[in-house]
Structure formats: structure tokens, C-alpha cells
Amino acid sequence: MTAPLLAVDALQVAYHRVAVALHGVSLRVMPQTIVALLGNNGAGKTTTLRAISGFIGLDDARVVAGSIRFAGRRIDGEPPHATAARGIVLVPERDKVFPNLTVAENLAVASSARAGAAVRRDLEALVFQFFPALAQLRPRLAGLLSGGERQMLALGSAIVCNPELLLVDELSLGLAPVVVEELTQRLSDIRRQLGITILLVEQNAGVALTIADYGYLLESGRVALEGEAAQLRGRREIQQAYLGQASGEERRSYRALRRAPGVERPNGRT
Amino acid sequence: MSLQLLANVFVLAAIYALVSAGYVLVYRVSRVLNLAHGELMMVGAYFLVATTGLFAGNPLLALLLAAMCGLVMGIVVYAVLMRWMTGEAVLAAVLITIALGILLRGLTILVWTTQQFYPAAAFGWRNPPVAIAPGVRISAASLAMVFLTIVVYLALFVFLQFTRWGVRMRAAGQNPLLAEQRGIRLHGVYAFAWGLSTFTASLAGMLLALDSGVESTMATIGLKAFPAALVGGLDSLLGAAVGALIVAAAEIAAIEYVDPLLSDVVPFLVLLIILAIRPWGLFGSREQLDRV
Amino acid sequence: MKDPSPYARELALFGTRTRRIRLAGAAVVLLALPFVATPFLLDLANQVLLASIGALALMLLTGFAGLISLGSAGLLAAGAYTVGVLVREIGAPFWVTLPAASAIGACLGLVFGLPSLRLRGLYLAISTLGLHFVVIYLGGEYEARETLSTGIMIDSPSLGGWTLSSGRAWYFVLLAFAALALLISVNLQRTRTGRAWRALRERDVVAGALGIDVQRFKLMAFVVSATMTAVAGALFAYFRNFVSIDAFSLYLTVQYVAMIIIGGMGSLAGAVLGAGFVILFPYVIEAIAGYLPERFGNTVFALDYAAFGAVMILFLLLEPAGLIGIWHRVKNAVVARRGASAS
């Protein structure tokens, strides 16, 4: 059995020492897979990403218990530039580009720790291949881009860092469905062509599960469900509960979701 | 306004602009207002006093050495002191710079006493007045100051816009967290910004020293230059240049037409006016106002 | 006496018995001091009391309401100059000059406070800095026009034949004023105003949303603080029998800011402690300078500057909670040790 690229074990994170945001989250991300991290606002998805990428110091948050291992080595508590040097690159939910730099400058400013000049040039060319629209926008200030273009630039500037593990926080937030569809496709292409591993945080379960291989559902700081994307995808209940599409009698409670057959509970029971 | 007055405005504006560049560099890159900037400029001037003492026969070497010391001074100030305030509240960092200024003032007097120094005399240079137009004279050092300021601004512009380190510094100023994540080492960028800031301040201090000598109250010019940076917008170099012109024009006009005693307060009157009508300055970015 | 209700107990000034005993003890020490201290120490004590008033005022404004102000020197100057000008121009007695100084202080407080309605943090501090220079300029203008190169001389205040000039008499007067300032501060802190100020300090946007009249309380903080500071300035003028604009430099403002930082932000006791520290500091340095080689001994004021800057940096870096913070830490360590040895 292959070892996971990222292993989070019983992670507990607290804000201001008192407000516990994660109550023992465990997840595994296998190499070269796309794993979806689903859940509502406040479920703890962004906190998990922050803990992994080293941004945890924001808002006085701290890893209180548990561990995070990347390629076998413990990384919890490392600062952002250290995790970036290991190959973990984050595309944040907000403030994801440098607004007063041009698109070209945004791509050029990325680090050279993991990529020499030649590798960077190749990656940059690849980025323009994946996102042809960006090529036209090279001299444009990033702050003036549309939401979709900005997300493309954010993904592109992450790729130029030569990541092994790409963390994407809320790919689809605020974007039109058409744009989201294209972006998710690109993400899948990127995974296939570059062999990158991706951990995708999404409120929109449907979007995430179209390209994910495996999925975790966070609820109030705990893993409520996990399973192969195919199984989760097939569960209309998940889509209804988390896209708010349910109405009237069709509305399921979370409890009903848990009793649904075929969906794995965290400790292996169904 | 007579041509001579206009020339005086440009000379004063050059002084303010060169000093303001330092305020802008540090603020734009690390969001810290360095209120010790005037004292650092003064230390730069004293560096020249020290190097002329050592190399009186070789003015060029003395100047270069003093300028290099100025650059190193900024990096040292960051590495030893300011780096501990990175990530802390901005106000605490500003208070530390105020304390640093006081410390520097005391140290310079302890080392060099309150005596006045004239490096130009040590070189044997008389700093002659230069006629730049019929009936218009400014000192040679002042002329040099104007040219130097233009050169420095152009160099800074090219550096920030077109070089790798310059883009990194602009990125770090806009979004420090993202910069860290994209592999930009904030400590390195900040240290370099401080170094550049004290380098330009030292150049200003050295030229002022050559023009009118060095003494321990020189740092006040640094504080008077601050309104120029604020008027322009604390994170804009272009703004600092424009702000310097505005403040210098106001000050010269007030001295000439109203009351010479106003000279020290006019920059702050301009500051109050700009705070009342457009606090983020003429060319500054508005978000900065709320972030602090 | 019947045990007061819990709420009344919280509001009461002299709540617990221990507190009352402590207060009585402190009162005895304070009242006895002028009879046992040397004239030099008495003058030091007077200086500390005088500085405490300004420090308390600044603590209210910055430590409690969170409004950064670099206007201390300007306001002290305003109070002192009101006395100087009135005494010089019309020979006014103290019972005219002191209220006049407070009135000027209140007006200036309004002026210094207006920017706070639009600006926050750094920009507010900068605006008060600008106003400082304007006030200093006005004072300098007056001195220049009246060709008072050495400042204004002021006679000690007198009432019906008795003149306030002895160190001991000044001690009681200043003690009374300082106690009054402390009482006002403590009371403000406990009432609605104090709570509103604390809300302002945390998040004034949220405070506004909660229905607190942000503008009114911000201006009130500035006016109260400025009035207290101006009165302190007026007392300073009488205490030294002398007013000169040179005494009111930016360095003086920084000293007051240092008082509230070194003392401990947000603590009234801290303001007094900080005032004591900053006032006594130059004397300590001067004593040390006596042991240093001749050259340093000659420029004691420079040594004072350098040492002061260094100490301020140390406090900001290592103990941002100030002397009060150190006190709490020591107290907790002692209590913990006692608890550990008891069990």
C-alpha cells in the first residue's frame, strides 16, 4: 500500500487558546490524487488548510494536539515559507493575488527555492497553456481582473512554485457556474499532466466531487463522513443538504445522511 | 514669485523629497512609520564627519564609505531591533522607532559632542554659489542635492518596477502573507528596504553637511520632511516628490510673504490640511487608512 | 454595617476591608512624607505628583479609550501659557488663571479631538503631532513678539497674605490635585463613560453598532484628558515660577507616552508608577554619570537621552505590559510558590 503524501492525525486547533475550531481531524491524501474537503461555513475547512500550509498564526490560532505529516515528516508549526519550500502551495480564499502587480509580475515573483530558472520558465509556459486567457492579460494589473481571471492567476502563480501538494481554498466562491466548470476541468488536467496532488476545499460539494477521487465532509470541526468520491457523488442527499436544493419533505437531516448505506463513517463502520 | 524664490523652492523640495523617499520605502514595504528617520539621516551626516577625519585627502572615498555605512546601518537597525516588531501592532513598532530616535540623538552627542562640524572645510571645498540663471544663485551643494534627488528617484523607480528584488518588495508591501507563501522571505525584504531607506537618508544628510555643516539638531529637518511624504501618500514615491514640492513652496512662500518664524510650522499646517480633506494623501492607496 | 448588595459592592470605592486598610496605610505614609523627607526628596516627590496628573490624563485617553495622542506637551504648554499670559498682561490671580487654563484645555481638547472622528491609530497620532507644532509655534510667536527670550516670570500664587512657596505647602497642594485627578479617573473608569471608552478601544465600529454614541465619547475623552493636562501645565507654571516655550518639546510628549507604557497601559496605578519612573530616571542617570569618565560626565543630558531611549526600547520589546505587568507576574509567581508549598 502506498504511503499518503499528506497525513493529518487527530488535529486539534484552537483560536485565542479557547475557541476550539478543529476537534481531532484526521485525513489522508494519497499522492497524485484530488481530495475534496467539504462542509459548510465554519466547519473548519479553512482552518485545516491554514494548519497545513503554515498560516496558522493568523487570528492567534494554534495546533493544540495531533500532527501533520508531509512525505513522512512532521510539519505542524512550520512557517509558511518553510512549507512552501517543501512543495506545499496554498491558493487562499481571499487576497489570492498581488493587486498592484501585473499578471506577468505576479507569475514572476514566485520563489525560486524549488524551481530553477529553466523549470520556472517551463512551468510558466504551461500555465499559459492551461489558461490561454492569462496570456492576453500579461500587462494587466491583477486588481483589475475579473473573479474568474483572478482565480486563474492565483492557480497559475501557485503552479509556478513547482508544488507537490496544491491546497485550494474555495475554488468556486463568487464565480459563475460556467467559469467554475472550466476551472475544475483545468485543475483535473493540471493534476494529470503535472502529477500534482490536490487538496480542494469547497462549499459546493457537487463541483468538488466531479473531479475528486476521495472526499471528506467536515462538520463543526470534525470529520463527519469520508469516502470514495464516486460513492459520495452518488449520494443525492449530500448534494441536497449542502447545496440547499432540498425543500419540503425531501429535506434530509444530517442524521438521515449518516444512516445512508454505502457511505463510510470515520471509524470504518457503515 | 521671483526666479530666486523658485530656485529656493526646488532646493528645499529636493531636500524634503530625498528624505521622504526613506519614509515611503519603509512604510510601503513593511507598513511601519519610521519616526527615527531624521535621526538616522543625522547619523549619516556624522558618518561623513568620521570618514573625512580618516580620509581627508580622499573626499570620494570618504563619501562612498559614509554612504555604505548608511546602507549597512539600516540593515543593522532592522536585524537587531525592528525585526522583533514584524507581525506586532504597527503602533508599537512606531513607538519603538521614536525611542530609537531618542537613543540615537543621545549617542551621537556622546560620541561627537554638540560641536559643529564642516566636512566641506575638511576637504578644502568652499561650496561656491552657482549662478544657474541671471540673478539666481544657489550653493553648489544645493545644486548637487537637486541632481542627486532626481537620480535617486529615477533609480528607485527603475529598481521597484523592473528588478526582481523590486517586484518582491512591492509584493511584500501589498500582501505579506501571500508573499511568504510564494517563497518571498519577508525578513530579507524588510531589511533591504530599511537599508535603502537609511542609504538615501545618509545621502541627504551628507549633502546637507557639505552645504551647511553638521550639528545635533539636524534631525528636525527629517521630521519636517515627513509631512511631504504624508501629503503625497505614505506608500507612493511619486507622491513624496509632489508632496515635497507642495510643502517646500508653502514654506518658502510663508517665510517670504508672511512671517519667517512660520518656517518650522508650515509643513505641519499642510499636514493638518491634507489630513482633514484627504488623509490617504494625493497618491496613496486608500485601504491603508483602515488597516492601521 | 449590613452587608451591601453584590452590585453595590462592586461600585463601592472602598469595598473590602483589606482595601480600606491598605488605603489608610498609604494615606498615613503620604501625609507623613513631607515631615521626614529632605528638601531634595520633597522636590522630587512634588515633581512626581505633578507629572502624575498629566500621566493619568494620558492614560485615560490612550490607555482606556484607545485614542493615540502625541499632544501632551502642547496641552501642558497651553495651560502654562494661559497662566503666563494672564499674569503678565493683567496680573490675574490664581483663582482666575486656573479656571481659565482648564477652559483653554477643554477648548483645545475639542480641537485635538476632532480628527479622531475621522482618523484612527497612526493617522490620529500624526494629527495630534501636527497640532502640537501649531501650539508650540503660537507660544513661540508670543515670546518673540514680546521679546521674552528667557520666558515669562510668574510670582507664586498668594491668598490673603499667605504665599504658596514652601516645598511642604506645595506637596499638600499637589497631593490634593493628584488625588483629585485619581478620583476623577477612577470614577470615570467605573461608570458608563468608562465602559463606553473601553468599548471604543476594542472596536469602535462595533461600539457604534451597539448604540454607543462614538463621537460624543471620543470627544469627551479628549476634552477630559486635555483639561486635566492643561491644569497640570498651569500648576507647573506656578511651581517653577517660570514659563518658557522651550520646555515643551516633543521630547516632553514622548516622556509622557513613556510614562503610560512603562507604567502599564490601561492601569491607573501604572500611570502613577510610570510618572515616578520617568521623573526619577534622569536623577539616577546623573548619579551614575558621576562614576563615568570625565567626557561623558559633561554631557549628562545626552547620556540621559540615550539611556531613556534604550530603556523605552527594552520595555516595548520585553515587557509591553509595563511595571504593572512585572508586578503581576511577580505576584503570581509568589502566590504559585506559596500554593505549591502549602499543598
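Labels A, B and C are assigned to the chains in the order they are written; within every chain, residues are numbered from 1.
Definition applied: contacts are C-beta pairs under 8 Å (C-beta built on N, C-alpha and C of every residue); 3 or more make two chains touch, one makes a residue touch a chain.
Keep in mind it's a predicted model, so treat the numbers as computed, not measured.
> Among the remaining chains, which ones contact both subunit A and subunit C?
B
> So which chain is farthest from subunit B, going by the mean of the CA atoms in each chain?
It is A whose centre lies farthest from that of subunit B.
> Which chain is the middle one, judged by CA centres?
B
> Of the chain pairs A-B and B-C, which one is connected by the greater count of C-beta contacts?
B-C
> How many angstrom between the C-alpha centroids of subunit C and subunit A?
Computed from C-alpha means, the inter-chain centre distance equals 54 Å.
> Roughly how far is subunit A from subunit B, going centre to centre by Cα mean, in whole Å?
Roughly 45 Å, centre to centre.
> Hey, how far is the Cα centre of subunit B from the one of subunit C, in Å?
From the centre of subunit B to the centre of subunit C is 33 Å.
> Sort out for me which residues of subunit C touch subunit B in the complex.
Its residues touching subunit B are 68, 115, 118-123, 125-127, 129-131, 133-134, 136-137, 140-141, 144, 250-251, 254, 257-258, 261, 296, 299, 302-310, 312-313, 316-317, 320.
> For the complex, which residues does subunit B have touching subunit A?
Listed in rising order, the residues of subunit B that touch subunit A are 87, 164, 167-168, 170-171, 174-175, 177-185, 285.
> Sort out for me which residues of subunit A touch subunit B in the complex.
53-55, 57-58, 79-81, 84-85, 89-90, 92, 95-101, 105, 108-114, 157, 161
> Could you please specify the touching residues of subunit B with respect to subunit C in the complex?
Touching subunit C from subunit B are residues 33, 81, 84, 90-92, 94-96, 98-107, 109-110, 113-114, 223, 227, 230, 259, 261-262, 264-265, 268-269, 271-272, 275-276, 279, 289-290, 292.
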